[in-house]
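First subunit A sits with subunit B, and in the next complex the same chain sits with subunit C.
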Partner chain A sequence: MTVQTPNGFTLDNSGRRIVVDPLTRIEGHMRCEVNVDADNVIRNAVSTGTMWRGLEVILKGRDPRDAWAFVERICGVCTGCHALASVRAVEDALDIRIPYNAFLIRQIMAKVLAWHDHVVHFYHLHALDWVNPVNALKADPRATSALQQSISPNHPLSSPGYFRDVQNRLKKFVESGQLGIFKNGYWDSAAYLLPPEADLMAVTHYLEALDFQKEIVKIHTIFGGKNPHPNYLVGGVPCAINMEGDMAAGAPLNMERLNFVKQKIDEAFEFSKNVYVPDVIAIGSFYKNWLYGGGLSATNVLDYGDYPTSQDDKSSDRLPGGVILDGKWEEILPVDPRNPEEVQEFVTHSWYTYGGGREDIGLHPWDGVTDSHFELGAGTKGTRTNIEEIDENAKYSWVKSPRWRGNACEVGPLSRYILAYAKNVPYVKAQVDDALDQFNHLAGTSLTARQALPTTIGRTLARALEAHYCAQMMVDDYDALIANIRNGDLATANVAKWDPATWPKEAKGVGLVAAPRGGLGHWIKIRDGRIENYQCVVPSTWNSGPRDAKGNIGAFEASLLGTPMVNPEQPVEILRTLHSFDPCMACATHVMSPDGAELARVTIR
Partner chain B sequence: MLSKASSPYFGHNSFMFPDPLTDLASNDTTILVLGIGNILWADEGFGVRVVECLARDYVWPASVRLMDGGTQGLFLLPYLENLAGLIIVDAIDFGLPPATIHEVHGADVPATIGARKMSLHQTGFQEVLALLDLRGCSPRRLSLVGVQPVTLDDYGGGLTPAVAALVEKVGLRVLDLLRQDYGLDIAPVELGQQLPGLMAEAVTQAAYESGRPDAETACRHGDERLLARLKDAS
Partner chain C sequence: MAALETFYEVMRRQGITRRSFVKYCSLTAAALGLGPEFIPQIAHAMETKPRTPVLWLHGLECTCCSESFIRSAHPLVKDVVLSMISLDYDDTLMASAGHQAEAILDEVMEKYRGNYILAVEGNPPLNEDGMYCIIGGRPFVDQLKRVAKDAKAIISWGSCASYGCVQAAAPNPTAATPVHKVVLDKPIIKVPGCPPIAEVMTGVITYMLTFDRIPELDRQGRPKMFYSQRIHDKCYRRPHFDAGQYVEAFDDEGARKGYCLYKVGCKGPTTYNACSTTRWNDGVSFPIQSGHGCIGCSEDGFWDKGSWYARLKDVSGFGIEASADRIGMTAAGVVGAGLAVHAAISALKRARYKGDDV
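Coming up: the complex of A and B.
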């Protein structure tokens, strides 16, 4: 049957159905079903969050000043951005202005997290959708060295001997039968297009990324007092500044510690500049004819905006927020998270109920309801406990469907980069144009930003560029922090409203963060000093959510349409595009999987 | 009653929270006792609670580090490289009766964690061990003390009574391992002695479990479909 969705996509579920469950190399669990036509082109896609999450309900009645410590535990990768959104929401509700030092320190911590998350995502979770590590064993290390020097002449690790050593290490690892981290691939698939020397370069950089990622997070220990699970504080940051303080471990922030922070920021800057960004451009150029996966990003994108230079001025956001609809890059609409008509969540196709015949309405997060209701549609194949094929005409996901004024939007680094590019933010404009020049030069193409950005490759490129922009912004935040401390301002926390006796009887607030996976919002209602309602609308909910009451499809489903598969039994293309969103289903939904199957079960019907 | 909110400033305890400027260099003389799991998922929080209890009740020498690893996966790499010893405490599906203590050592540890994964954090942690191996910096000695959970599907819940009753016992087993494998005798704290906590006050076992909203406010049912599959598998 062919259906035209209101947001402009054509769905046809008449062809063969392919089920991928679980989708591997993501945080959390999800299932994806697609229909392919006679030419193995995807014509229908169904994204199902298979886990339940109830963070909202367990926060009810807790002390709002403690919420950050709970939300930090939602999942293993998004700790800091949830904690930050939480303290921002409480401060917004109680009208607490944090000291300038605290503002800058939080800015640096958020960017460390984004940088780290993007690097780990690309090398650890996404690269293997493009890179074949088994093929790297066939590489001539001299060819890898030449490739490295041509794409990034400033990276010091580039000799043939260096690449030969890595190749030997990899060979030993593979021969010992411990394919380990590399074991769940479709390494014989013709969907892999890199020559062996590029595969070896990427695997080598994967190891370099692992070496470096542990360095950058040390900044969290310095500012957050501890790691893992750095501390956050409503009203500021939990570290004191004492520039004359002693050098003992655990001392307050002093010059020695700040110099260490600067050194790590500089190292991060060099890595994203010389390794991460050039890798994405070079790998992308070998896939120049694989410009699929854009989906919703070609028309509708959203972000709340973040990284302001001035604490009280939203217009100073270095990644500005807004909404673009229908691909109109020249018309950026403002987004107001407080307006009950704008951000709303729908549960028509989600395993929740709003009760009282309100199944098809959208609820603003302040009025949000998290009440689970699991039922399967009449068209479901299989049994309740072993679903062979889900019925997308009924409820089919544990993820809700967020909409902006009823419109499905994509969120994430790509959305932020499309918004910033469309708004002519100079740094972003230069970055994108430079990257495209290099891509076009390597690939022999002449793609424009409008053609190249709304693709799977564009999504992966935007994430790399954003990581590097974060490194640049951290340098600026650091300089501002040192200047402010030198001016004699040592305050890091505003505790004037620490005591709940100073709070109004009722208050509500919203905390927004440009989280690595996209715009994140926490909405809180406080009554009599306790949490009355708490709703997190997380980026992966925007992207992975099911259809809404009107039949608009979300970003995951849209991104897969029209993609040809080399071999439907090896769903490399589905993984490649869905991974490009960096899905965090642990945040979008939440429960463990009872089976340990790592390799996705692919079923074709 | 409002639970006591975390105080606005936190003490820094360097033996528990390694100082990035100085302490990580000493990994090769350190034994790490690492509790992993998600405290929001009932018995999944077992490992973290054992380490929380050890940190509270004993006086620790500089050569032993205690850590609440949560579900952090790759974020834990810097603390795991080149260790003299690693003792992991976790709730694991060993295929044993609920609330049974089980122990494995050396090469059996990654295999055990990988064999029957119930939880997200175990996928992540098995990879972390594989990466240590690939990069030649695995711990010189490795042990896992685990417990077979009773339930994991109670989101927002604490340890079940049967598993909670094993926290102290498994803590004592960790002390035995430290004595037997590393020659360390760990002394209990003096009466009334208060040590800095391992985690934010709000998520310590007592505060977390006593502050839980009632079943009326916070629904207690999870994902029926997955729960049914879990029962099928067992």
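Coming up: the complex of A and C.
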């Protein structure tokens, strides 16, 4: 049957059904079903979130100052961004202004997370959709060395001997017959297009990135004590500064600690400049004819904006927010997270109920309701606890469907880069144009930003460019931090409103973050010093959510349509495009009913 | 069973020299807190022991344990994955998906029956017929039980698998349940923490592979080598606790001098973990060093034991040398205000001595 969705897509579920479950190399759990036509082109796509943890009800009745740690555990991959959204929401509700040092330290921590998350995503969660490690065994290490030096002349690890050593190690590993994480991969698939020398370069960088990713997070360890899950604080940051006084050596931040931070920032800058960005451009250029996967990004994108240079001035966001609809890059609409008519969530096709015949309405997060309601449609094949094929005409996901004024939007680094490019943010404009020049040079193409960005490759490229922009911004933030300390400002926390007795009886706030996977918002209501309601609208919810009441499809489903599969038995193309979003399903599906049982308060006073 | 290669063979074949191998063994001994006399024993074990398949399953979790694991500095995680274990199933890292991924489980369970390690990150929810966590169209708890059946041993990574963690915090809407309450007939090594320290995770695995036995466990099932002392016991700020020098508020003079965080809620006195000794991320720091109190993330039910910023109180009971086992006997299953801590007694005494009101 063929259906025209209101947001301009054609769905046809008559062809052969393909099920991918579990969809691996993501955070959390999801399932994807598609229908392919006689030519193995995807004509229908169904995205199902397959886990649900229920954190918001757990938060009800708790101390708002504790919330950051609970919501931080929504996700250990984008670790810290939920904590940051939480402290921002509480500070917004209680009108707490944090010290400038704390602002800068949080800025650096957010970018460390984005940088780390993007690098680990590309090399360890996504690369194997483009790179064939078995094919790397056929490479001539001299050719890899030449390739490396041509695309990135400043990376020191580029000799033929270096690549030969890696190849030997890989060869022995493969010959052992115990392939570990590479086992049952699709290495015989014609979907892989890299020449062997590029495969060897990418596999080598897989290992280099694995070694380096543990270094950049040490900035979190210094500011937040550990990673994953560094510590945050309502009112500022917990890491006090002592540059020259008594016992500075035992203080959280002193000259030695800050030097450590600076060194890791510089190392990260070099890595994204010399390894990550060149790799994505080079690998992408070999897939120049595979320009699928754009989906919603060609029309509707959203972000709240973040990374301001000025603490109190939203217009100084280095990645500005806004909404683009219908592909009108020249018309960027403002987003107001407080307006009840703008951001809303729908549950028509989600395993929740709004009750009272309100299944098809949208609710703003401050008024959010989410009662779990697991039921499968009549068209389901299999049983309640053994689903063979899901029925997308009924409820079919643990993820809700967020909409902006009723519009499905894609969020993420690509959305931010489309917004920034459309707004002519100089750094982003130069970065994108430069990357496209290199891409076109390598590929022999002449793609424009409008053609290249709304694709799977464009999504992956935007993430790499954003990572390097984050490294650049970290350099700037660090300089600003040192300048502020030099001026004599050592403050890291504002504790004037630490005591709940100083709070109003009722308050509500919102905390927004440019999280690695897209715009993240936390909405909190506080009453009598306790959390009354807490709702998160999460990037992967925007992207992976099911259809809404009107039949609009979300970003995941839209991105797969029209993609030809080389062999439907081997879901390389599905993995490639869904991975380009960097799905985070624990994030997407944590919401829970505020109607849940009242907490037993166990508080030590 | 197929002939498995030894670590040593694998490492040599992958181009690692004998000299580097011996150095590796000595680093491993040091990481495990073993003296140099153990180096030959480790080397011998590595030369003769096969590479063990590991099946790493994910239930309800946030993937922080996997993220921590890949941060391991010694050994490097690439060496663990390429040379020490055969990580045949791990849905976060594995190349294959869908039925090709699920086929691996069947193959390894058959081929290495009784000889593979099951590592579990997260936990199974039991409400809604287990369908709050679906793998391959079926409840995760089914997959867990199926793979556990023929495992040699189970590692419960992190506080989710060990205790339930955040999704099991009151009112635990999904009935998220720790592994040991679902799998009753297998040795289970709990490695709690949210997440556990990377080098603790690889240390536990290295120990098991090197000595071919599970490490000595306390009554709760935690390896004694990493979980037998409180963070407070070896905290570098402990002298300030004993001297009655406290941070009274964040960013006060005491905070800048690195005074004890007890009064702003530090749970170090009741938390068993290696944070103050092994420290985090290659030994760079740990929460207290960075100015925030310990939130007790490796303790059972820590989410429901009160605010991070409420100071420990109601102290009574055992003395300074109380072991984890004795606390386990006294406080097993007890959450909340009753936890007894020697340290807080001395704090109260100290404060009284000073004439302060704590």
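Quick notes on this structure:
As a working rule, the second predicted complex is superposed on the first by the 579 of 605 C-alpha atoms of A that agree within 3 Å, B and C clash if a C-alpha of one lies under 4 Å from a C-alpha of the other, contacts with A are read in each partner's own complex, and residues count from 1 in each chain.
In this section, a contact is a pair of C-beta atoms (placed from the backbone, for glycine too) under 8 Å apart; a residue touches a chain by one contact, two chains touch by 3 or more.
For clarity, every value in this text was computed on a predicted model and none was experimentally measured.
Superposition note: with subunit A as the common reference, subunit B and subunit C are in steric clash.
In the overlay built on the shared chain, the residue A:E256 is in contact with subunit B alone; subunit C does not reach it.
Shared-chain residue A:P238: touches subunit B and subunit C both. Of the two partner chains, neither subunit B nor subunit C is touched by A:Q451. In the superposition on chain A, A:Q311 makes contact with neither subunit B nor subunit C. Once the two complexes are overlaid on the shared chain, A:S159 sits clear of subunit B and of subunit C alike.
Of the two partner chains placed around the shared chain by superposition, subunit C is the only one that A:D21 touches, whereas subunit B remains out of contact.
Once the two complexes are overlaid on the shared chain, A:F70 sits against subunit B and subunit C alike.
Taking subunit A as the reference, the larger set of touched residues comes from C, when subunit B and subunit C are compared. Of the two partner chains placed by superposition, only subunit C is touched by A:L490; subunit B is not.
In the superposition on chain A, A:Q472 makes contact with neither subunit B nor subunit C.
In the superposition on chain A, the residues of subunit A touched by subunit B in one structure and by subunit C in the other are 27-29, 50-55, 57-58, 63, 65-66, 69-70, 73-77, 79, 120, 124, 169, 173, 178, 180-181, 207, 210-211, 213-214, 217-218, 221-222, 225-229, 231, 233, 235, 238, 240, 250-251, 260, 372, 374, 384-387, 398, 493, 495, 498, 586, 592-593, 596. Contacts from subunit A toward subunit B in the complex involve residues 27-29, 50-55, 57-58, 60-63, 65-66, 69-70, 73-77, 79, 120, 124, 169, 173, 178, 180-181, 207, 210-211, 213-215, 217-218, 221-222, 225-229, 231, 233, 235, 238, 240, 249-251, 256-257, 260, 371-372, 374, 384-387, 398, 493, 495, 498, 500, 529-530, 586, 590-596, 598.
Remark: subunit A residues 19-29, 31, 50-55, 57-58, 63, 65-66, 69-70, 73-77, 79, 99, 120, 124-125, 128, 165, 168-169, 172-173, 175-176, 178-186, 207, 210-211, 213-214, 217-218, 220-231, 233, 235-242, 245-247, 250-252, 260, 372, 374, 382, 384-388, 398, 490-493, 495, 498, 570-571, 575, 586, 592-593, 596-597, 599-600, 602-605 touch subunit C in the complex.
Against subunit A, in their complex, subunit C makes its touches with residues 4-5, 10, 13-15, 51, 53, 58, 60-68, 70-73, 76-78, 81-82, 85-88, 90-98, 100-104, 125, 128-140, 142, 165-167, 169-174, 176, 194-195, 197-198, 236-237, 249-251, 255-258, 275, 280-282, 284-292, 295, 297, 303-314, 335-337. Contacts from subunit B toward subunit A in the complex involve residues 2-3, 5-6, 8-10, 12-14, 16-24, 38-41, 44, 67-78, 81, 114-121, 123-124, 127, 130-131, 133-135, 152-153, 155-156, 199-203, 211-213, 217-219, 221-226, 228-230, 232-233.
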